[in-house]
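As structure tokens, here come the structures.
You will see two complexes here that share chain A, one where it goes with chain B and one where it goes with chain C.
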Partner chain A sequence: MSQAFDIAVVGGGILGCATALRLAEGGMNAIVIEKSDLGQGASGVNAGTLSLQIKRVKLMPYALRGWAKWQAMGAAIGFHQTGGISLAFNQREADLLQERMTMKAEAGAPITLISGRDARAREPGLSDRVVAASWCPQDGHANSSLTGQYYRHQLRDARIAIREHCPVTKIDQTDRGFVLHGYGETIHARRLLLACGGWLKGVAALLGVDLPVRARVNTVSVTERGPRIMNTVVGHATGLLTMKQKTNGTVLIGGGWQGRGSPMNGRGLVDRDTLIPNLCLAQYAVPEIARLRVLRSWTGFEAHVPDFNPLAGALPGTKNAFVLGCVRGGYTIGPYISELMGDLILGRDPEMPLFDPSRPFDIETATRRIL
Partner chain B sequence: MTYDLAVIGAGPAGASATIEAAKAGLDTVLIDEQRAAGGQVWRAKGPAIKAAPATPEGKTGDRLRAALAAVTADRHFSARVWDIERHTDGFRISAISPTGALTIETRAVLLAGGAQERVFAVPGWTLPGVIGLGAATALMKEQLVLPGNRVIVAGVGPLLSFVAHEIIRNGGKVAAVVDLNPLSVWLRCLPDLIGSPGLLVRGAWWRLRLWAAGVAYFHECGIRSIEGDRAVSRVTIGAVDANWCPLGAATQTYDADAVCLGHGLAPATEASRLLGADHQYDGGQGGWKPVTDDVGRTTVPGLFVAGDGAGVQGAAAAQLQGRISALAIAEDLGLLTTREWRRRSAPLILRIGKAQRFGRAMTALTIPRPGLIEAIAPDTLVCRCEGLSRHDIEAEIRAGANWPNAIKSGTRCGMGPCGGRYCTETVTELACRITGKTPGEFGIPTARPPLRPVPIGCLSGEFDYDDLPIPPPAPL
Partner chain C sequence: MQHRPRIQKGVSRAATVRFVIDGIELDAPAGESLAAALMAAGIGTIRHGPMDGQPRSVFCLIGLCQECLVEIDGMQIEACRVNVSAGMQVNRLRPMDPIKP
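Up next is the complex of A and B:
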């Protein structure tokens, strides 16, 4: 029989890797099992925005602490604090901005409402059609492409076993824990953490657990390198735009416009009908990007449950199994909530409350809201 | 309206397919990036050189263009296809044309995008003055522009003699032709070439003319380095062994202001990969190619591939493949009976064997060998868009990034404007040496739209802010 690990973590994104690191610190012998490469799911293909203005009110305390983790990771993951501006182009959006940003400021984010003129003073490339804006000096970005590289080094330094290109196809429960079957591999572990994002539903189903997880298909685009045209992270009152120019001159455009496909039937696909309005909105905010060429648009699966709060705790009905995922704003929050999760598994008291996956979900209401 | 068939690429395969499809009664549309049909091999003369004497390649192209002009099919030239989406009942193609954005709905798609140049790095290959062998043919065929005043033509494959010959014919000077292969490989593939005597004679003629003009032609030789301050000024060559690995000291240095460099052609697979078709690695046909049946059907319903994009086999085979695919599409869509499809396809299928034999023999001459990697110095740039050296990429692979997407994410290799067209093959070879994988196991990075870089302003066009379908705000 092969070696038994204290815990097998299914999913090599930020949540899986960062939790494994916390568990290793606590003395557990962990293995991270990833179906493709480390950090190639949502963790590595999101737009890298570390902006508090787009975080949920309820999750703001977690986002503030997560932000500090990214700041500490620094240059290794391309951390930049640039400040961020969210824009309103008409009165309706200005009202929306005021309502939303006031609540986020009350939750602890250092956000202030500013005029369109002030916004342009901070970011001269902005369109003169901005009627109102909000400013958060703490906003910024990191390079999500480096997620895999960063955690590969971290896991190796912590002597945590890694299996890449190893999709888990079967999980057996025994009296001693779990037996995971992958590509020609059989892995024994006493505990199990599912942290596989958009693929949570399918993997939990291997244990007979039905998690109400769905996946959004978020679109991101990048341009060629261009002269400096913006310095901050630019967003929109609705939250449906994120845009920043990286140090190499490329402009990254996101905002959660929906592509097609689902984790269960293969890959996500860019949809021209959402890509073009996403780019139009970006161009409306910073007109100079019109002359930059788009080099690549792609999609990432962002998992969520009906109440849009995280799943972080014991896997319902399965002893010694845990689940971590569906963290809205998970790029920013991930490194922090993973430490809480690690503490829970280690039997310590997490410093902030987690989110019990066994809570009731009002699936009907949520479905209507998405549609 | 919805077309029956959209053909993407108007080279030998695409133009021939369009003619055949139109004759079979399909509502067909043809789209190409160039100003006229012909592809790279039969590229049309540009407006400035109309009076120049016609070449045999130009004449073949003129015949194809005339035949295409005689059939009823919509056509869009100078149109850049940037996206193809598959929907339940067909495909939607998005392009930027001189008149603006173009959307084409179609039941079936035939990809005839041809091949792309394969250029492995050598020290100094990013200096101005170094261009691909294929690029050199485009310059000369369309504009009669020479690559330089004193040119080194280097690499492998049949384009070497053609490019050198065209430079001489157009009044330029070739300092030397540097061929990695020995002369004997040409003799060894003679049996495969004999079936296509026209092409064989043409190739022999190029060599004869080079010999008569006193051009030095070195077999079993490769470039050791290209040097110059701001552009190419010197090129050093040396002998290679049977694996194309440098052998002994460099032998000669030439003054030159241009280098035409190429190591064969690879199928242009970005569109077939974007559409999710299965692909396989076949070094004998230029590397990664879509999996197809005999008539070019891919694993995606309604999607066909013909010509070099389905595996590099040359123009003669591509023409026949295009026609065979068009007939199969007509039968699939119910516009030809099975009997009629057989009747029309049979003579084409009979002829394609010889053409494929010739084309595959030519492609086989260019199958990458270890020496191509040996010739790359640690500090030589491999990904020129992102400025990454061989050392940078190998360090990432040794750190555990053992698959295409991981290497790409960690280093940005292949994320620049060329979309990995220059570096993917080299990275594959480097990774396979370190990890022990075969190119087929290593895989190929995910293809994403746009298929070509497109300015945001071209995609956004004229729009009214109030018409943007901005979804409801994210949950608070």
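Up next is the complex of A and C:
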């Protein structure tokens, strides 16, 4: 029989890698199993926005601590603190912005409401149609495409085993733990953590557990390089825009517009009918962007459950198995909530509450307003 | 940049056609990559860097780096992604202006 690990982590994104690092610090012998390459799912293809203005109120304390983790990672992941501006183009959007940002500020984010004129003073490329805005000096961005190589080095330095190109196709439960099968590999582990994002539902099903996980298909686009047209992260009151110009002159445009496809059917597809309004909104906010051609658009899968809170705790009905995923704003929050998850598995008291995956998911929670 | 003669031995090419870049008439085999034809004609500077305004030339030849971006029939396209055809009118881009403050 091959070596038994203390824990097998399924999923080599931010959540899986960062939790494995915490577990290794705590003395556990961990292995990270990834179906493709480390950090190539949502962790590596998202728009890299580190914005407190687009975080849910309930998750703000986690986002603030996650932000500090990214800041500490610094140049290795392309961290830039630029400040961020969220825009309102009419009174209705201004009211929405005020309501949302007031709650987020009360939750601890250093967000202030500013006039359209003040917004243009900070970001001269903004449209003069901006009537009100909010400003958060802490907002910024990192380069999500560096996620994989960053965690690869971290895992290696911590001597954590990595299996890539190893999709898990079968999981047996024994009295000693779990036996994972995938791509010619058989891996024995006493504990199990599922942290495979959009693929959580399929992998949990291997253990007979039905997680109410669905995947959003978020679209991101990048332009050619251009002269400096903006300095901050620009968003919109509705949350349907994120835009920032990188140091190389390209502009990344996101906002959660939905492409097509599902994790189980391979890569998502960009949908012209959602891409065009996404780009129109970007151009409405910063008209000069019209000078830049879009070079590429792509999608990433963002997992969520009906109440849009994370899954972070014991896997329902399965001894010694855990699940971590569905963290809205997971890029920003991931490195922090992973430490909490590691602490829970290590038998320590996490410093902030986690999110029990066994909680009920009913229609009421599903329809509760998402902020 | 020196004129770079094409390899002749063992390579067959289509008939030569004439195309125009910034008013200069050039000849190249029909169907040759425009980027290759410009290199063969000794045209070094294709565009200027949008950030620093410095001259740029053909670099990656696979449509990624944007350094051979030109305008053909009013559309911007990488010279490495288009083939030479008879009468093609190519214009090099003017350096991008900085935005108004």
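Side notes on the structure shown:
Keep this in mind: the second predicted complex is superposed on the first by the 363 of 371 C-alpha atoms of A that agree within 3 Å, B and C clash if a C-alpha of one lies under 4 Å from a C-alpha of the other, contacts with A are read in each partner's own complex, and residues count from 1 in each chain.
Just so we're on the same page, a contact is a pair of C-beta atoms (placed from the backbone, for glycine too) under 8 Å apart; a residue touches a chain by one contact, two chains touch by 3 or more.
Nothing here was measured: the structure is a model prediction, and the numbers come from that model.
Clashing of chain B with chain C is the outcome of superposition onto chain A. Contacts of A:I229 after superposition on the shared chain: chain C is touched, whereas chain B is not. Using the contact criterion defined above for the overlaid structures, shared-chain residue A:L295 touches chain B and also reaches chain C. Applying the stated contact rule after C-alpha superposition, one finds that A:L269 touches chain B and leaves chain C untouched. In the superposition on chain A, no contact is made by A:A158 with either chain B or chain C.
More residues of chain A are touched by B (comparison of chain B with chain C). Judged by the touch definition given at the top, the superposed model places A:M73 against neither chain B nor chain C.
Contact with neither chain B nor chain C is seen for A:L113 once the two complexes are overlaid on the shared chain. In the superposed model, A:G44 makes contact with chain B only, not with chain C.
Comparing the listed stretches 128-136, 344-352 or 452-460 of chain B against chain C after superposition, the clashing one is 128-136. Common to the chain B and chain C interfaces on chain A are residues 224, 291, 293, 295. By the touch criterion stated above, chain A contacts chain C in their complex at residues 124-125, 224-229, 248-249, 288, 291, 293, 295.
Those residues of chain A lying in contact with chain B across their complex are 36-40, 44, 54, 56-57, 89, 96, 100, 103, 129, 145-149, 152-153, 156, 162, 164-165, 222-224, 236-240, 256-258, 266-267, 269-272, 275-277, 279-284, 289-298, 308, 328, 369. Every residue of chain B that touches chain A in the complex is listed here, in rising order: 83, 85, 92, 94, 276, 396, 399-403, 405-406, 409-410, 412, 415-417, 419, 446, 448-450, 453-457, 459-460, 463, 465, 468-476.
By the touch criterion stated above, chain C contacts chain A in their complex at residues 49-51, 66, 69, 76, 96-99, 101.
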